[in-house]
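The chains carry the letters A, B, C, D, E and F, assigned in the order they are written, with residues numbered from 1 in each.
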Amino acid sequence: MTEIISTIFIAIGTLVNIISCIGLVRLPDLYNRLQSSTKSVTLGICSMLVGVLIKYGFIGIGIKALIAIPLIFLTATVSAHALAKGAYYFGIRPGEKTTRDDYKGNNK
Amino acid sequence: MTLYILCFILFLVGVYGVLTRRNLIKIVISLTIMEFSVFLMLVLVGYISGGLAPIVVHPEGSDISVVDPLPQTLVLTAAVIAVATNSMVLALAIRLYKKYGTFDIRKINELKG
Amino acid sequence: MEGMSIIVKKIVQLISALIFVFGMYSAIHGHINPGGGFAGGVLLSGAFILLIIAYGLDYFKLKQQTEATSIFESLSILIALLIAFSGLFAGSLYFFNNYFPAGTPGSLISGGLIPIYNVLIGVKVAATLSTIFFALIIYKEEIRR
Amino acid sequence: MENLLIIILVLMIIAALAAIHAKDLISAVIAQGFVGYGLVICFFLLKAPELALVQIVLETVTLIIILAVIYDSSMKEIGEPIGKRDIVTYSLSFVLVALFLYYFNKAIVGLNPFGEHTLRMSEMYVKEVLELTGSANLVKGVLWDFRGLDTLGEATVLFTAAMSVLVILRISGKKHQLTKK
Amino acid sequence: MEEWIIILFFVIPLFGAFVMPLTYLFSPESPKLITPVITLILLMLSLYSVICQPEQIAYSIGGWKPVDNVPIAIYLVYDGLSGFMLVIINLVAFFSSVYAIKYMEEYTGQKYFYVLMCLMIAGMNGVVLSGDLFNLFVFTEISAKSSYALVAFGVKKDELEASFKYQVLGGMASLIILFGIAMIYWQTQTLNMADISYMLQNAENNIFPVFVQLIFITGFGVKAALIPFHAWLPDAHSSAPSPISAMLSGVLIKTLGVYVIMRLYLSVFQLNESVSIVLLALGGLSMIIGVLLAFGAWDLKRLLAYSSISHIGYIITGLGIGMIMLSRGENHLAATLAFTGSLFHIANHAVFKGLLFLNAGAIEYAANTRDMKQMGGLAKFMPVTLTSSFSASMSISGMPPFSGFFSKLIIILAAVISGFYFIAGLAVIAGIITLSYFMKFQKYAFYNKPSGKSPVKEVPGLMRFSMISLAVLCLLMSVLILPGIRDGFLNPAVNTLMETTEYASKILGR
Amino acid sequence: MVEFLLYIQVAICIFPLYCIIRGPSLADRMVALDILGILVTGICIKLIIITDQLFMMDIVYAWIILSFISVLTLAKYLENKKLND
């Protein structure tokens, strides 16, 4: 039973990864790509880690997988934030369809 | 055999980069690509189909087949040597950049071999 | 000199301590898990490099750091050489004689001298990479002046 | 398995060519990063987790050092027109590549195909490392026991590299140049 | 002789290199004292082991015995050839380190210099002793890396550039060698050189050994600066500080290039006539082109560097002749002569080229120039340099009482006996041109009109000591070829080469 | 089943490569590299399940940390700052 549930979780994670990778190629501008890909890829990995936790239970490896979830959430989102901020300073403007730009006028 | 030939092609791509590029950093990158292909070659040679990673989890049941650990050891040693090479070449590159103001190897050509 | 944004700074503060601990863990458990001296050493130096990247140069007094890393570097590899040489005096006349008892495989205290070598190389690699990185940065500072 | 590896290797070759022909240096570094990550995937599939870890470490270190070098220098690849000397180098390198490829193809005919490696020197390593050294990680057991001299040499190379970087990054080589200024 | 003594050849310099950064903290002068002491100990040890004349030592690291006749540990092998190379390496290293004490005083960062020098010596000793292919590669890397840094020691423009060129070519060569090692492991599943030799005897594919041997010729040819791969040598050897140039030209290219080629192609691989012809052709080409390049040079150290290429050509020519004769299996006398000549030339060239680079350093130290057109009239002020450089020049261009004459004569004789008249003629022509450009050096440096600068002083005592000792050695080396003395030093090395693949059976005992 | 998912996970690495080669600006390429790093973590996790060799979790940790360091270094370049600021 736990086998099947963990496999389902991993399949969900892979599906999310596929969708976000398509998003990486399809979306119009950099910021959209960032949010589509970085956040959802992280979600997919977390789903896979939960799958590992369910398969092995709360011993050694399961605990390690549980600790990895906050770690990956912290690092991936922070690096995405740094990339977005850097890209804005680098001179890449959001696409035409974007309606709101909070950083405007805040250019260093 | 296709794998080995592809691996050799990767090696030759690195050689091609070293021979034709003029930018110091590009030369370093080409050297790195050559390193990668040699590592891959060593590991490909040592692979046994159906073997597991050479780390024993259950010491009691020792009848599992394991891939050859020796090429992996060699790659570990060679990888550290590669880091040393890269850092030395890059330190020289920054020194040359400060002296000449460019990464172009044509303009840094005072000595004739 | 203000470094990166405040979010990055806070997170890096949190994570670099974690990296440090993980690097030590990796170096000590090198004979059971993947990792060992080289990877652990790079993780240790990665903690310092991350702090410099996030906070800027003033966070460390770099000149003194270089002195210290260079001492650590030669000391650790010297001890490794001496341990390898001490194999000559332990029974048989062989260099790199692993004369400690092997222990039960899989437990932390096993593998004879291998964990000791791993820790020493971990310290050495961390010191070396930090030396190289600091040397590059100090050089840029000196040129700019 | 083998097909998957072939696909990844082809991707790596494409990325390597992209790295060599990139317009600016950061793109070249990123493309080289892709080659390194592809290598890591190959290592995972070839059952070498130890190497996968070392490879990501190496990749990161190289990336950081390259970035530290090119941070405040010109990023642009030098885009001059191809001269006569270039044509000679290009054609020479292509001839070399073709020649080597042809002979490599012929030379490897009788060797063990992929996945059918036989153990000889390492047979004993696989069988008895556990009892003799007590190291569960066979690679580490071989690294620090049977081939300990190699590893000591490797650490020495790293020591040499640190010393060399310190030598190369001195501001001036001779003493009287310092006193003149 | 105790077996474990041979590990001291690289443990002592490594220990010195690691301990020097620590002692420097307490006394900044200590590296100057430690390095000559270390090299002196190494010289004594190598002479002691030659005098003991052990049969052949195979020492396994870690004490692991072979399992089912397959060696599992790294082997260190001491035989005639290793002993011969060890004496030469440590001889030149000792005199260079004594010379360096005064010469290096004007440089900054001296402790790094001594550390790197010790590492280089350790690497070369390790290469000579190693019996394992990958271990040999690692030691090659140690000495090559330290030499890269030492070439750039003066951090001026041309030095950095020379070092960059050297590093890129040397790095490529190392990777090519590593690729060759991977292919050999693929075929033989072993790394021990004796075991590889045994396994390659049973190989079926004919193209594979030739391909691997060509790969190794490319790799080690770059390290030895054979002519198509020589581009780094003139820059690197002329940019380094003089004691290091002496080490590089005198022993480094011979250890990393020629010794490894000898060991691999004679003792490990099966003899193959086409590969031997390739080697002979490369040797002859290097011999003549190196001489022609040197003839046009006006920079003193650059002239000496080009001349190194041509002398490496002599050595490889002798080796190639011997290999062809052995593979044809007809004329063993010619093969013996050729090997004797090329080994003797290795020893001679190490001594006189080392001495000439030290002389060039002395001239640079005193007169502050390297351009021969700006020198002149130095004979009056520098008698010691004059005498020693005269003896070295005579020796290098092959004048009879000096040692260089005998080695060149033997190589030419071997070429004539085995029927390579063209190669013999090339060698004679190269010798004559060598004489002419060393006459040019003597004339412009010492006897021309003084260039009008303030009178120069003779160099300090420690530098003179090295030069005088090496000059005396130049004369004394010709004794080595006499029949009684030859048995002790040259013949064991020649015998090791003549044994070819019996090397394997001796080590593994099967 | 998981093996099939592993193949898919490896196969989707082609998207970041496309982005690296095409990417109109530097930042796009960096994003692609970042995502590739996370995707490889997924491969590693799947290998844990397939081979039952639990020590692979350490590699996941090291991988997360080191790709964080490299992406942060790259991002700092984008902010037009020197490395030591």
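Here, contacts are C-beta pairs under 8 Å (C-beta built on N, C-alpha and C of every residue); 3 or more make two chains touch, one makes a residue touch a chain.
Quantities reported herein were computed from a predicted structural model and do not represent experimental measurements.
Trainee: Return the chains shared as contacts by subunit A and subunit B, ordered by label.
Mentor: The shared contacts of subunit A and subunit B, listed by label, come to C, F.
Trainee: From subunit E, which chain is the farthest off, judged by mean CA positions?
Mentor: Most remote chain from subunit E, centroid-wise, comes out as A.
Trainee: Counting C-beta pairs in contact, pick out the pair of chains that comes out on top.
Mentor: By number of C-beta pairs in contact, the leading chain pair is B-D.
Trainee: If you average the CA atoms of subunit B and of subunit F, how many Å lie between those two points?
Mentor: Centres of subunit B and subunit F (C-alpha means) sit 20 Å apart.
Trainee: Centre to centre, by mean C-alpha position, how many angstrom separate subunit A and subunit E?
Mentor: The separation of the two C-alpha centroids amounts to 58 Å.
Trainee: Centroid from C-alpha atoms only, then distance subunit C to subunit F, rounded to Å. What do you get?
Mentor: The computed centroid separation for subunit C versus subunit F comes out at 25 Å.
Trainee: So, what's the distance in Å between the C-alpha centres of subunit E and subunit B?
Mentor: So the centroids are 28 Å from each other.
Trainee: Check each residue of subunit F and list the ones that touch at least two other chains.
Mentor: Residues 16, 26, 30, 32, 51, 53-56, 58-59, 61-62, 65-69, 72-77, 79, 82-83 of subunit F each touch two or more of the other chains.
Trainee: Give the residues of subunit A that touch two or more other chains, as numbers and ranges in rising order.
Mentor: Only 71, 75, 78, 82, 85 qualify.
Trainee: By the touch rule stated above, which residues of subunit D touch at least two different other chains?
Mentor: 47, 49-50, 52-54, 57, 60-61, 64-65, 68-69, 71-72, 104, 108, 117, 119, 121-122, 125, 130, 136-137, 143, 145, 147-151, 153-161, 164-166, 168-169, 171
Trainee: Check the chains against each other and report every pair that touches.
Mentor: By the stated definition, chains touch in these pairs: A-C, A-F, B-C, B-D, B-E, B-F, C-D, C-E, C-F, D-E, D-F.
Trainee: Given the complex with subunit E, which residues does subunit C contribute to the contact?
Mentor: 70-71, 73-75, 77-78, 81, 85, 87-88, 92-98
Trainee: Taking the touch rule as given, give the residues of subunit E at its contact with subunit B in the complex, in rising order.
Mentor: Subunit E residues touching subunit B: 134, 138, 141, 145, 148-149, 152, 155, 157-158, 160-165, 167-168, 171-172, 174-175, 178-179, 181-182, 185-186, 191, 230-232, 234-235.
Trainee: If we count contacts the way the header does, which residues on subunit A are in touch with subunit F in the complex?
Mentor: Listed in rising order, the residues are 6-7, 10-11, 13-14, 17-18, 20-22, 24-25, 30, 33-34, 37-38, 41-42, 44-45, 48-49, 51-52, 55-56, 60-61, 64-65, 68, 71-72, 75-76, 78-80, 82-83, 85-87, 89-90, 92.
Trainee: Which stretch or stretches of subunit F touch subunit B in the complex?
Mentor: Those in contact with subunit B are residues 51-55.
Trainee: Could you list, by residue number, the parts of subunit B that touch subunit C in their complex?
Mentor: Contact set of subunit B toward subunit C: 55-57, 59, 76, 79-80, 87, 91, 94, 98.
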